Amino acid sequence: MEEVYFYATCLVDLFYPDAGMAGIQLLRQAGVRVVFPEGQTCCGQPAFNCGYWEEARDVARTQVALFPRDLPVVLPSGSCAGMMKVHYPELFHGQPDEAQVRAFSARVYELTQFLVDVLDVRLKDLGEPVKVTWHSSCHAVRDLGLNGEPQALIGQLSNVELSPLAREQECCGFGGTFSVRQPEISGAMSCDKAADAESTGASVLLSTDGGCLLNVNGTLEAKRSPLRAQHIAEFLWERTRAR
Amino acid sequence: MSEARAAILGRLREAGGTGPLPALDTAILERRHWPPAERVVRLRRGMEAVHTEFLEATPGTWPDVVRAFCECERLPNLLFGPSSEAGSVLSTAWAPGDTQLMPYDRPVEAFKDELFSGVAAGFTGTVGGIAETGGLLLTPGPAEPRLLSLVPPIHIALLRASSIQDSFWSAVKHLGWGRSLPPNALLISGPSKTADIEQTLAYGVHGPKRLLVVLVDDLT
Amino acid sequence: MHAENEVSFRDAAAEALLDPQLRANFRRAMDGLMSKRRAQFPDPGDLQELRDLSTAIRTRSLLALPDLLEQFEAKATRNGIQVHWAETCEQANELILGILRSKGARTLVKGKSMVSEEMHLNDFLERHGIEALESDLGEYIIQLDGETPSHIIMPAIHKNKDQIARQFSQKIKDAKYTEDVDELTAMARKVLRQKFLEADAGLSGVNFAVAETGTLCLVENEGNGRMSTHVPPLHIAVMGLEKVVATLEDVAPLYAILTRSATGQAVSTYFNLITAPRGAEEKDGPREVHLVILDNGRSRIYADPGLRATLRCIRCGACMNHCPVYTRVGGHAYEAVYPGPIGKILTPQMEGVGVRHDLLHGSSLCGACAEVCPVEIPIPEILVRLRREATHDDVGSNVAGRGTGHTAIEDWTWRLWAMVLKHPAFYRIATWFATRFGNLLPARAPLLRNWTRSRTKPLPARRSLQERLRAEGGPHV
């Protein structure tokens, strides 16, 4: 049986634990044994993005050390997977443990990427008809090169209609510390993303990323919108788990 | 000032190279290749899309085509370069009529005001065309001065179909421009235009308002 | 978290966001430019090939830069072009003033040049009694209003027809009020035609300089560039030192990707190749052609291997056309010569990363810019690097203003953050508090209040994922 590590990410751990559970369950449903090492905290991206590289490295090292075996490391987040896969090699360039970190980075996957590209899962939709819309997180697409994996999974669900956003790939305005350093610009971007989602007629906006979800949900709630954003893992698990 | 030069070059040299020399893969440029007849079609399509007008002619008829256009448009004059190949053919074949042939045969300082306000159209030859995007290639010089194709509100350009190249890149190679260039050379794709006012296209800004290409079919 | 003398991008952006006209104008304009560019690149494989080739050409040019500059200078000089070098904008301005005065020139007509904006050349010349008149229609429009460009390709993109109509009717002699674009254009044509005729000198930028032939290549649609460089007896060109490439064959793909990326055109109206002043037998053209090569911090950027990519830029503007921030705040909010993503990495390197620290954080690092950059400048990566430089003075770095953007608060914040996250026990305690008491944090608390300006408070779950897994005896190792 295939075995993988699962990395929660701090935002999923704290704000979307159900999505994390769902991610684990989806993998098990696909016949994979999931190993969840204790002691996980954060990938270090916020400090890295702000130029505090020593602090980012300190934290990153402790995370890498939790995953010693040569197994894939699966994350329910495009942004954190991008950090671990693409930016850890940059962060550890010239460091004594660079080779070790690179070897780790080579094993990192975002969840939908792993489900589609590696496991080639087949999903059976057990839910009622629903219309959804998809927001593609910037790092998932531009750092990881995600190209339609989430849409492919949604497409396998026979009772789910995907109504695309007008500006699917436009940034939602989260950007980590950007959301608090530039609140006006960030607010304008998330407002537009929320309005776009509302105009699709969907009942739920899906995304791979907890940051995007926090941002868009906060905005939708503030606007008193009936629409909500949900993590793709949670949605897929709800639709496909045995009743 | 040479201090500035020495300082700048010194700093650049001190920095040194920072990596391997990347290879140049020009396959994408080499793939732009069409048979001569198709080049004509593509050039025309590209240029007509930006409001260039075309007059069809053969090697024997083109001077008459030019004259007929001028008469039809009631142009009082047509500025041209008398010592260029195309210019001398034009003037030899020119029958008297309402449009006066006006030679650009002296320095511009001698008739600048007239050039700017009294000339209705300018006629030039070309050294080639570009099929990929549409465009004419010109080498202004003593025989056909730079302002001839710029100042008069109408520019009439003679283009032989056989001289059309696939792309700017292949034209540069074919014309040997990579090795040496005259003081001025240029590509013209249409009448002058701008989209600076609310991104709305407007033609005839500072360059010619109309570009007429006399397309000489010398392929058949 | 601000250092002293810092220019606040946040404040300028916040003000711009309140202007619905500006937002609508830019949204419409950027949408148009994005879709025109898309239409020029129907095949993603072809696009990537052209980008790769363009990147390789620019990388090679930069690798050989000092040699190419010398080769260009030697050839251009033999052709009759007089080449000058300026380390700073002040030097460049003085050089140009000197050239103009040597010919008794009182009026200068300008083709579009961002480098001349960088030099604040117009103001300098005005102060010295020389009239510098913009002839590019967009530049002419903003000059009438005393404004600066808000986009590097379409300088008046922030203006409406009615604003322009009002300006023209007020500022152009005998002009009537009209919003008809053709009529407005004809008005400008008439005014500027006279200026071309009368000007003592013309100024242009340079899109590409070719070392092998000593040629200046100018891309334009209106014809004002050719007018400015061929009609007056004196032509002065200004160029950043990074613009030189080895051969005219090298220019071809760069030209092709420039016009498509910038305005979605396969080709510009004119591509003007200037190799010499008026030849012995020529009847027109300038008697003298001068080129001023400007450094202004470029050699400093050049020396840093991680930052040199900044200089690959061919000034197409695609990055700002695709930027979700630029689209919403417009170019003036950057309070810099170069706006948009390229401006975000260029301006701090020229002016100092400390004073421009806020600008460096005016990006969500979404990467839309890097995705479309024809020469693959890794803008988000460079932004992160410059944020590093702003907050740390690293050994071996020569970035302007390095280390002057850090604050004690930010230093301690990240130290504390690392402390908690390096130690799972601390993290557990912190998440326990967050899950039990996080919703008690007032919405107006520092930092949190920035979030809650437009969103509800983010509420931690009742139990973190790890707590649940521990409780349910989940798939641990």
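Labels A, B and C are assigned to the chains in the order they are written; within every chain, residues are numbered from 1.
Everything below uses one rule, namely that contacts are C-beta pairs under 8 Å (C-beta built on N, C-alpha and C of every residue); 3 or more make two chains touch, one makes a residue touch a chain.
Predicted, not measured: the structure shown is a model, and the values here were computed from it.
With chains as nodes and touching pairs as edges, the resulting graph is an open line.
Think of the whole protein's Cα atoms as having one middle point; the chain whose own Cα middle lies nearest to it is C.
Among the chain pairings, B-C comes first (most C-beta pairs in contact). Of all chains, B has its CA centroid at the greatest distance from the CA centroid of chain A. Work out the mean CA point of chain A and of chain C, and you get 32 Å between them. Separating the centre of chain A from that of chain B, both taken as means of CA atoms, is a distance of 54 Å.
Along chain A, no residue makes contact with two or more other chains.
Shared interface positions of chain C, defined as residues touching 2 or more other chains, are absent. Residue ranges of chain C in contact with chain B, taken from their complex: 28-29, 32-33, 46, 49-50, 52-53, 55-57, 59-60, 63, 65-66, 69-70, 79, 84-87, 91, 95, 135-138, 141, 154-157, 159-161, 164, 181-182, 184-186, 188-189, 192-193, 196-197, 212-213, 215, 221-224, 226-227, 230-231, 241, 247-249, 252-253, 255-256, 263, 266-279, 281-285, 293, 295, 299-300, 302-303, 305, 308. Of all residues in chain B, those touching chain C in their complex are 1-2, 4-5, 7-9, 11-15, 17-19, 21-29, 46, 50, 104-108, 112-113, 116, 130, 132-135, 140-142, 145-147, 150-151, 167-169, 172-173, 177-200, 202-208. Listed in rising order, the residues of chain C touching chain A in the complex are 1, 9-10, 13-14, 17, 324-325, 328-329, 358, 361-368, 370-371, 381, 384-385, 387-392, 410, 414-415, 417-418, 420-422, 424, 427, 431, 434-435, 447, 450-451, 453-461, 463-466, 468-470, 474-477. Considering their complex, residues 6, 8, 10, 12-18, 20-21, 24, 33-42, 44, 46-56, 58-59, 62, 90, 138-139, 142-143, 169-171, 173-191, 214-215, 218-219, 221-222 of chain A touch chain C.
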